[in-house]
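Beneath this line is the structure, given in structure tokens, with notes to follow.
Labels run A, B, C and D following the written order; every chain starts at residue 1.
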Amino acid sequence: MNSFGTKFRLSIFGESHGNSIGVVLDGVPAGITLCEQDFEADLSRRRAGKKGTTPRVEPDQPHIVSGVFDGYTTGAPIAILFNNTNTRSKDYSLFRESPRPGHADLTASIKHNNYNDIRGGGHFSGRITLCLVAAGVVAKKMLPPAVRINAGLVELAGEKAGEGDWGEALSSAMRDGDSIGGVVECKCMNLPIGLGEPFFDSVESLISHLAFSIPGIRGIEFGDGFNASRMRGSEHNDCYINRKGETATNHAGGVNGGITNGNPVIFRIAVKPTSSITKGQETFNFISDRVEEFHVPGRHDACIALRVPVIAESIAAIAFANLI
Amino acid sequence: MNSFGTKFRLSIFGESHGNSIGVVLDGVPAGITLCEQDFEADLSRRRAGKKGTTPRVEPDQPHIVSGVFDGYTTGAPIAILFNNTNTRSKDYSLFRESPRPGHADLTASIKHNNYNDIRGGGHFSGRITLCLVAAGVVAKKMLPPAVRINAGLVELAGEKAGEGDWGEALSSAMRDGDSIGGVVECKCMNLPIGLGEPFFDSVESLISHLAFSIPGIRGIEFGDGFNASRMRGSEHNDCYINRKGETATNHAGGVNGGITNGNPVIFRIAVKPTSSITKGQETFNFISDRVEEFHVPGRHDACIALRVPVIAESIAAIAFANLI
Amino acid sequence: MNSFGTKFRLSIFGESHGNSIGVVLDGVPAGITLCEQDFEADLSRRRAGKKGTTPRVEPDQPHIVSGVFDGYTTGAPIAILFNNTNTRSKDYSLFRESPRPGHADLTASIKHNNYNDIRGGGHFSGRITLCLVAAGVVAKKMLPPAVRINAGLVELAGEKAGEGDWGEALSSAMRDGDSIGGVVECKCMNLPIGLGEPFFDSVESLISHLAFSIPGIRGIEFGDGFNASRMRGSEHNDCYINRKGETATNHAGGVNGGITNGNPVIFRIAVKPTSSITKGQETFNFISDRVEEFHVPGRHDACIALRVPVIAESIAAIAFANLI
Amino acid sequence: MNSFGTKFRLSIFGESHGNSIGVVLDGVPAGITLCEQDFEADLSRRRAGKKGTTPRVEPDQPHIVSGVFDGYTTGAPIAILFNNTNTRSKDYSLFRESPRPGHADLTASIKHNNYNDIRGGGHFSGRITLCLVAAGVVAKKMLPPAVRINAGLVELAGEKAGEGDWGEALSSAMRDGDSIGGVVECKCMNLPIGLGEPFFDSVESLISHLAFSIPGIRGIEFGDGFNASRMRGSEHNDCYINRKGETATNHAGGVNGGITNGNPVIFRIAVKPTSSITKGQETFNFISDRVEEFHVPGRHDACIALRVPVIAESIAAIAFANLI
């Protein structure tokens, strides 16, 4: 189903090329200041228009439909709507004939007996992550004021931050009509100790559940992550250094037994290279009944990882808003 | 909360050193054959007793308390109980004084105001994964008969299967009173196309949610996983080769847009080295009010990854039983 | 929280005097015909404008925002929006000073620290039942085609249908600036046998849960209802007359053990007299700090029971759509 | 499904004639005193053995399996088990042949393809209400200490308390091998203002959802209930008399807009006459393929309403524990 959360619940709706997309937020306490301008900073970080992102640029103007009165949340559900303005649906008419490799065109069509709205990926579009960011803006306001959540790209096309020439990696892929992936890291600081449940709602369970809602995510790791599997216990264990639970190291990424230990919660998510590339690929053609060369029409991101950091922050905030 | 699932819901309870642990399974259709012997094969794969696992060996005899009549499931909830027999609680009396590094001793104590049952990790113990395996046995019976789910250890202490000397890696860690981690891979074959929901209940979301319920998991990846972030779209995309949705490659790990595409669903989970090691470590002592050398008493696994494959299969089966 | 259902989930939002109200429907299968005209018949039955209902008449034009493509449901969430057009918010400025007897003015203000939108009752307004009716229209389409759900007023101001002069009862109350209540009965025919769960999701549990979401409901009974408590078992039991489960009588109202038995499901709900009356009443004044005479300003229904039958049908359809 | 609640969740399991029945309670805060003796007072009020109740008397000894350590709740799930001791399963062998009128024999068999455990009603038995009472004992401990919840029988076989001769009504029904029903009223005092959610989790919604989980309930009403539908608004409205929200009258039964207003929450539930009667009845015989005279064998309550008051208190406590 298209909703998440128990204490702070978001229900999303909308399609890439429909009139509008939106989200309903339930469980937001009354008395939080909220206006449409509050969304601009985070929405602009997700917005396309920079090098390596799609030329489809949407204004992403939020409309608060309910749940806010005189500038404050009321305790009632908050519905936020975004109109889609820059759509070119003719681009997508052929995706039932030639399902795009790496996309949900085929799986969604089979799941929904071809009734799915296939224009621009429909409900499966990355555009729906706009709703996650909007929810994240509200979730951040629900957390204690000291909490800081910051995410950034730490690896692009296999080059680590500060080590590789990201501009050239991007340019090269764009020249080739191809796409690249990346790794995004998110740090959550000053969280209270004790958030999370042992079974089944550990901090990592909630964050990963949300992370894999983002289209194009292939992996997630916390603290030392996969490297932890190559360490010895004596290297990986974090020594407590005081009664506040601070640890000398943070190999665990701020979580013990699924519960925050007060140290920074750190996770990384692997973003695949965009599936839609202008370079020719092969796919099965349902009319000709054979594999054929295929060029994805339309406008695409060469690297969606560039737009993911603010989404990573948002899902972290959503997870913690459910645990506080 | 300690339950998971909507169509197939499991609710777990119990503590490592209490009288018994158990699980209630709801949503199991009527008419499935089920008896206590059905659990033995999977339970024995999880059981300790082999090299590198704890000397605490439990018989793990399941008691089906309800929901089965004349050898068939009835459609009512199935409660399964396991008695704890081999407990040595005196070992654990000092963990409030010296919380074990890498364990939930401190986080659980703070979360529950010191009322948590700290004996053997209490409700946070790896012993509770017994309930996941029991649930997995039933979940596997709920899936179409063609479905095959197989997991195995593919990396131990950083050595890949077939490449390194795992026996020596294990012996060496045991000699040092230390522990090692590993990576477990799970393959799920012959799944129907169309399982999973775009937002928020993708196949990856449900599996990862469950995976991070297993104590000691640090990461999860699907298909090419983190490597996907280092590939180009033209390399990572899987070409469809027929109208059944089969793909020439399986970089995506059998999932497009959160929905199974009929190809094998493949995921890997990173298991950290066991936190409990006999080798000396430092931790904060709440009586002396300073960091002190500390030796974890009791009996431990040198490598919990050895016991994780059947748990990985179980969570996959549980996830799919919720999506079918 | 403001959502209901597991298989068919509705999430409602909006306030009486906000810009719009709406509902998100999740779990609707793909391939059902749906357009905005489909809502008109049921919406018009709920609409005010007839004798005994409020002079605030809204056009109640539904806007399908998502989840429908080329005239069919897509399997994605369906969001439906209704703009509020006929609002007079100045009427409601004094309800924090003088909370209206029988209304949620005071409880909502205390619950939400005075941040609640009090205009027209805000999120607590009967106007929100518009969303239930819209959800009911879709739910009815999800049920097997043979199913018939019909509700009507069977008692008004204590006068049973066909026995009392309802027109005069209504006129008399209106002349006095007062209000009256009534009883609505709903019959659901041709339901399959076997809907409902023993614990806790019996047919009666789901229907009553929804019924008490309708503002102004004071009671609900199934089959013989409260009269059953005055009968003997030999009178109340329904004899099965064939292997299809048909019964000679239907004292149980079509449900045995919480599960439909194939006979008509019949329930009645008691609707209180409208709280808002023009006749003077007393209430506590938070400025003067004492009980004072008070006249509710604004436009009101003299009898909300007149508008409830279609809502009763809607909640029945919503409940059954969750059980099928 | 067989669980209820979000903040305080109970999951029940077991069958009337199985080895044991039980309940898992999740969401109970750590630090509440709890021992097996705490259950005796309420369990004994539900226990059979008095005039008008079944001769099957069970000791109802609770076994706390988990979640309690050193006399205090730990914050982990609490599992409570009751062994069934006094079962006579041979009595029930014929209920697939002749489904008992008023019972779930037929609906459960059709729903579960005859795999249901039909002995003693299986999972549909009134015996499962034992779990509700056990959960209620814990729920009562989760409420503020000032809260008082008291229920009693206010009507038996149509005779109101203090007006009719209940002893004779019961004797007369027993002489005839018949059964009688009754009405139970529950009052909940000293509740905080503000409990309940407008849509869909009103106080009345949660209580009625639980009430209709009790076998044999036909109706529920709050405050004036069905009588409210026969009153005028000017009679039914409760005047607020001070800033604490106290009202001069309590026609609403302590709830406005689904939210407690601080006045006593009062509800009544209608209990049908026991379905199982020794007097002859007719039912369809699936072997002979015709309607036949039928005598229900076994031991029965002449009036289950006698045992319902403590169950009514329990469900009220469970509902409020979810709202606090």
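As a working rule, contacts are C-beta pairs under 8 Å (C-beta built on N, C-alpha and C of every residue); 3 or more make two chains touch, one makes a residue touch a chain.
Keep in mind it's a predicted model, so treat the numbers as computed, not measured.
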| item | value |
| --- | --- |
| Chain of greatest Cα-centre distance to chain D | A |
| Selected pair, greater C-beta contact count between C-D and B-C | C-D |
| Distance from the mean Cα position of chain C to that of chain A, given in whole angstrom | 38 |
| Whole-Å gap between the CA centroids of chain B and chain C | 45 |
| Chain C-chain D separation of Cα centroids, rounded to whole Å | 26 |
| Of all residues in chain C, the ones touching two or more other chains | 1-3, 6, 12, 76, 111, 123, 198 |
| Of chain A, residues touching chain C in the complex | 1-3, 9, 11-15, 18-22, 24, 26-27, 30-31, 65-67, 69, 72-79, 81, 111-113, 115-117, 119, 122-123 |
| Touching residues on chain C, where the partner in the complex is chain D | 1-4, 6, 12, 99, 101-104, 106-108, 110-111, 121, 123-124, 128, 155, 157-158, 173, 176, 178-183, 193-194, 197-202, 204-206, 208-213, 215, 217-226, 228-243, 245, 247-248, 252-253, 256-261, 270-277, 279, 281-284, 286, 289, 291, 305 |
| Chain C contact footprint on chain B (complex, rising order) | 6, 76, 198 |
